[in-house]
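Have a look at the structure below before the remarks.
Chains: A, B, C and D, in written order; residue numbering restarts at 1 for each.
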């Protein structure tokens, strides 16, 4: 039964992610005073790739890259309790706690990097090195923030963290541990591949970065993952810092809350992205290790000293 | 008193010899310095055994045993020491001869092939 | 029993009779010489055996039929018997050695040798002050003659300086003797000793002092030993050998007699002089490049050590004192003689030129034995002597003495092992050949064998510990005996032996030891498989390897501190030789050795203090130290000592080079297995001592920071390497940092994490080093930017690397995650968040180097030069596959190893253990079900793969250059393979982490020592007169020192 | 100059060490136990009139063997150096006729005197060393007078070796037949004050004298550089 739930979760999230992408496209266009593409354009894109006939293959790792990638993205989603209290949306969250999710995120990245690497295209490797470099730095404040809230809640179980935030808006980590939340949200920017931290994808502007050599179904699978991965990550943040999404009396209300919370958290990166120019990698590495890291350290100190 | 004078003389000889050893550059002079030093040592040795108004420890006949004799031990020792000193002097002189043959110099400063 | 006086009589009679046999020819001369020396050796051997077995009692031999003090008397006790045996044997062997090496043969040399021998025996046996002087003079003159064996100007100069200095000191001594005769009325040493009342001591002080200082100068203390150094440098090596083994030994005993006679009057002085000499000579020796002079420095420093130790033993009344001194003495004598003989065979002035020794490769064995014995490593007598000494000193709380002795030994190891490195690694000019004769080999090997053989009796005589288990050592020795066999057969024998010894061990040992025993035994078997790819007989490899693994198993088995330390050192030595075998590993092996030795000395000191506090040598009672004032110190010393092995930051600088430059099948051993010995030691320490504070500082807390920074720096540096093996080596620094951090948490979960990491690290680091080893084997380069695209050429290796980097990075579902999960739980539980965050940060940095490793080697563009490269050889692949099987098993059923380890840890840290429900682990913070994760992963992976495969099974394979490349195709793989300076932006951001602080620190120390050596050795101007000046000044200064007259 | 000043400074300090003994030195008024044993018991025990000789040859005989050995070693070393550097000396100017004649006249007399000194060593001042030195001086005189004269070295070697060997044998005789190594009481003490008295002492002293004479002579010969040196072997 869990398997069915898991597949359903993934399917719903894909759709949600596609819609979100459409909206974001619009936002970007409007900020740049363009009209922008149709809101369902992502659907068209992804379907087109899935049904493309021609396809080339650079080798086994190249072939498995997207598989790893999608396994990673999907895995996070089903290890996460998406909606608190609903077994339907927390299918395999009993397999592990937050640490599992944090570490599982890297599986897809690694597979992707390896697949791109086997294509032999230098841009793939360049993008990966940049991405990895930036990620290491961005994760540091996140680790600090998570240590802070784990100390605060004395658990690593995402369900329990969500549970602890129920009752009132003021119970959200956002309010009980604002420093950790800020540190984490700054780290969040680094992992969303948007400006000012999107130099990772700069090679993309020449051809298209790590997926440079991917096309057709390979690309389709990557794009599919690209729709669910940010959503999954957003859900994690919502769970940790914004009270999570508890199952309400009505499923509709639940979904509305889910939509609103994930949307705004997601949009945070979009808004920052449209407002700030891009950092070089070394700049962003240093940036993450300064203010966000300091906030993270403060968050830990506050929690540990009980202030 | 006699022995103190002898000993002082010995010590002075030792010091004179040492001064020569420490300041002379010439190998032969250093060896001469050593001989003086050695003689000084021997004088000190022999002075130790001296007893005032005693005679040499040669017993003319057994009836004289009650007489006062000086200590025979330092004399025996000094005999050995002299011979050893002689051996060493001969030894050093031989070395000096061959060192001169090899290098054409007797200056101790010119034998610094080995150092550090 | 033959009368001991015959020791002198035989020598002199033979010497005199040789004058008659002048024309009898060279063979006859040497026959007489060797026969007489053999007779003397036999006489002293007879006495020694008799005295030590108790079948005869010590003899006092009056001469001339009168009892002392009327006449001169000799003595033959245990010490005399042993020492005469030692000097006679060394003179005998040296005479044998000379047969072929002396260029211009004459009757004079045998005569002088015999006179010299009679002098030595006389010095040792006589109990008369003046007679002692006479024999010293006999020895000096004979020696001065032996120096000029070739008669060149250097020898003449050295001989002259020597005799000049001797004449001066003997003159002073004579004055002293006659003064003392005046004061005490006797020349008999024992009578004088009894007669010396405190008043007489005051009255006769000048005399006693002059005798003392005379004998002391005969021992050539620093800095008045320039003349002695010249002797060592210029003399024929066989003469050097007898000076070192014979003259030094006899003079030391003369010194001991005088010091005892003076009744404690000069013990402090001789301690100071001995210590200054030991340290001073070792430091100055650092700058020395000439082999024989270096041996001279080493000899004089050892004599200084012996003076120091002997005085300490008397001063502190150390129970086993004679044994300590004799152990050091006999080791020094035979080791130094062996080295001199070797020098006579090699005939190379500079130590850099000793590479020629490899033309007779077997000579490396006695060479190594002699050097190791000098340093005091097992199984030589000096090891046991040093052990006993440190135990006693620590018990008496002589901190300064311990520091001086161990510090000086460390400096000594620098130049000795540097020398070995030159000999082992340098290559000789091709046109040179090394000729060796039987007469030369016999002494050299006799010396080596004696050193080994004497180790056993020395080990039995320890006052503090029960004998060490010899089984493993015996097997190590056996491997020397089977060196002639082909490598493959030796490989099988050693593997079989390890399996045979290891299996019962694994089933019986129990406790936390079983984890490490498993790593060591299984690791040994697995990592030895690649050895089958070697042809020939791989000389020296198997003894070293066996030494290392015997050491590792030995420390597991050890029940007492001494056997632990014994095998710890043996492991260090074995691994040093293994590392040294690498092509460019000379400096790295040296620094490995020195760091290990430094660490070992700290461990030794810690064991000493522990013994001093608890009077127990059992490892089980180490915990009793915890309640003594020395707890923190012992903990600190042990921790730092073991951290040199785990290469924690600051002490890590040896590791990258050592691991990277080692041979392909050695790197996995040293990196995957050997490092765990440090973890084992740390765990042992932590179990015994727990939390200790120095002042307000918690040691464990400091160590947690060290661990975290090690992890960060190690991982960061790994990411910046271009050399694949260096990358892996730095990775080990980082990984051991994790382990240290885990241990320092001092909690159940922390230890569980560290231990599981140790197990897993073993698997993937061995795989990675073997994989890279296989690649290097095929490609002949270690630079990753020269590789690329090898996935198609070496798919199996690629798979192995892929699995192990996933395991290493801790990404679920593979086994590495378990350790991480436990570790973070532990961090949060403990609350050491900042270190924990750094650990987390470095964990992510690990992705950098892992990706770099796999990408630049296997992915990207295949180079033209590698188009015909084959998959790595089977002996490399087989162990990888075995270990991958292990990794996969551990990954799919993580509870099968985590739960038992947890049980083991519970014994020491019961609180906070995990609860296991089947595969589901629960801590009080979180939960994790490894099996479910595995299933989810497999399910998702299979589904995705199926989906993709169904959709595009007709995907068309394309060629290498078929990529979107600015509307063109790349022409050369080199320009397209992105590999060099892979993480340039990262370096721009965090380059300060690369600042080699530790390297600069240690370089600073070595530079300082070398500069000091360069400065101090200017004392040795080469001018004989300056030396005389120094002697007089020395006499004066020591006198003032003794009387507070400054 | 600085060197000399430094030397003076150091020697001044050394002087204080030596004078620290002298300042408390008191001349003994009587013999100590050991020396009084030598004086009072020696005549009965050994029977030598010269107590110093008794001490040198018997009581401290080992020292004497040692010093003979030292001289032996010195002469061996000189021989060795000669052997290593042979053919390196130039001809010298001959001595005058007067000198030559005088030397050959004195030569046997000096030898006789030397022999007298060591044969009577146990009775009067003198002994083996003194006698030996006198003998060597005879040879030296001859050499100085005839610098280019060839003197056989082998003879001295033979004497030296034989007497040294006999000395050792006599020592062993003491060990076997009497109380210990070098015990002179192998022969009866004889009449006190006669030449044939004091047991082995005169015998030993004869050989010591021969040996010392031979040794010093061979040193002198070697330094002179006109002997044929030892037997040489070449590879």
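Rule of thumb we're sticking to: contacts are C-beta pairs under 8 Å (C-beta built on N, C-alpha and C of every residue); 3 or more make two chains touch, one makes a residue touch a chain.
This one's a predicted model, so the numbers in the text were calculated from it and none came from an experiment.
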Topological distance between chain B and chain D, in contact steps: 1
Which of B-C and C-D has more C-beta contact pairs: C-D
Interchain centroid distance [CA atoms averaged], chain A/chain B, Å: 99
Where chain C and chain D are represented by their mean Cα positions, the distance between them in whole Å: 53
Distance between chain centroids, defined by C-alpha means - chain A, chain D (Å): 105
Whole-Å gap separating chain B and chain C, where each centre is the average of the chain's CA atoms: 50
Residues of chain B whose C-beta touches two or more other chains: 14, 18, 22, 73, 77, 80, 84, 87-88, 91, 95, 98
Of all residues in chain A, the ones touching two or more other chains: none
Set of chain C residues in contact with two or more other chains: 130, 134, 137, 141, 144, 148, 151, 175, 179, 182, 187, 1029, 1032
All touching chain pairs, where touch follows the definition stated at the start: A-C, B-C, B-D, C-D
Residues of chain A defined as touching chain C within the complex: 3, 50, 55-61, 63-64, 66-68, 70-71, 74-75, 78-79, 92, 94-100, 103-104, 106-107, 109-110, 113-114, 117-122, 125-126, 128-130, 132-133, 135-137, 139-140, 143-144, 147-148, 150-151, 154-157, 206-207, 212-213, 216-218, 220-221, 280-283, 285-286, 289, 296-297, 300, 304
In the complex, chain C residues that touch chain B: 130, 134, 137, 141, 144, 148, 151-154, 156-161, 163-164, 166-168, 170-171, 174-175, 177-179, 181-182, 187, 226, 229-230, 233-234, 287-288, 293, 1017-1018, 1020-1025, 1028-1029, 1032
Touching residues on chain C, where the partner in the complex is chain D: 3, 5, 8-9, 12-13, 15-20, 22-23, 25-26, 61-66, 69-72, 103-109, 111-112, 115, 118-119, 122, 126, 128, 130-131, 134-135, 137-138, 141-142, 144-145, 148-151, 175, 179, 182, 185-187, 203-207, 209-210, 1029, 1032-1033, 1035-1036, 1039-1040
Residues of chain D that touch chain B when the two form their complex: 3-4, 7-8, 10-11, 14-15, 18-19, 22, 25, 27-32, 34-35, 38-40, 42-43, 49-52, 54-56, 59-60, 63-64, 66-67, 70-71, 73-74, 77-78, 81, 85, 88, 123-125, 127, 129, 133, 192-193, 212, 216, 219, 222-223
Chain C to chain A touching residues, read off their complex: 789, 791-792, 795, 798, 802, 806, 809-812, 817, 820-821, 824-825, 827-828, 831, 833-834, 836-837, 840-841, 844-845, 847-848, 851-852, 854-855, 858-861, 920, 923-929, 932-933, 936-937, 939-941, 944-945, 947-948, 951-952, 954-958, 960-966, 976-979, 982-983, 985-986, 988-990
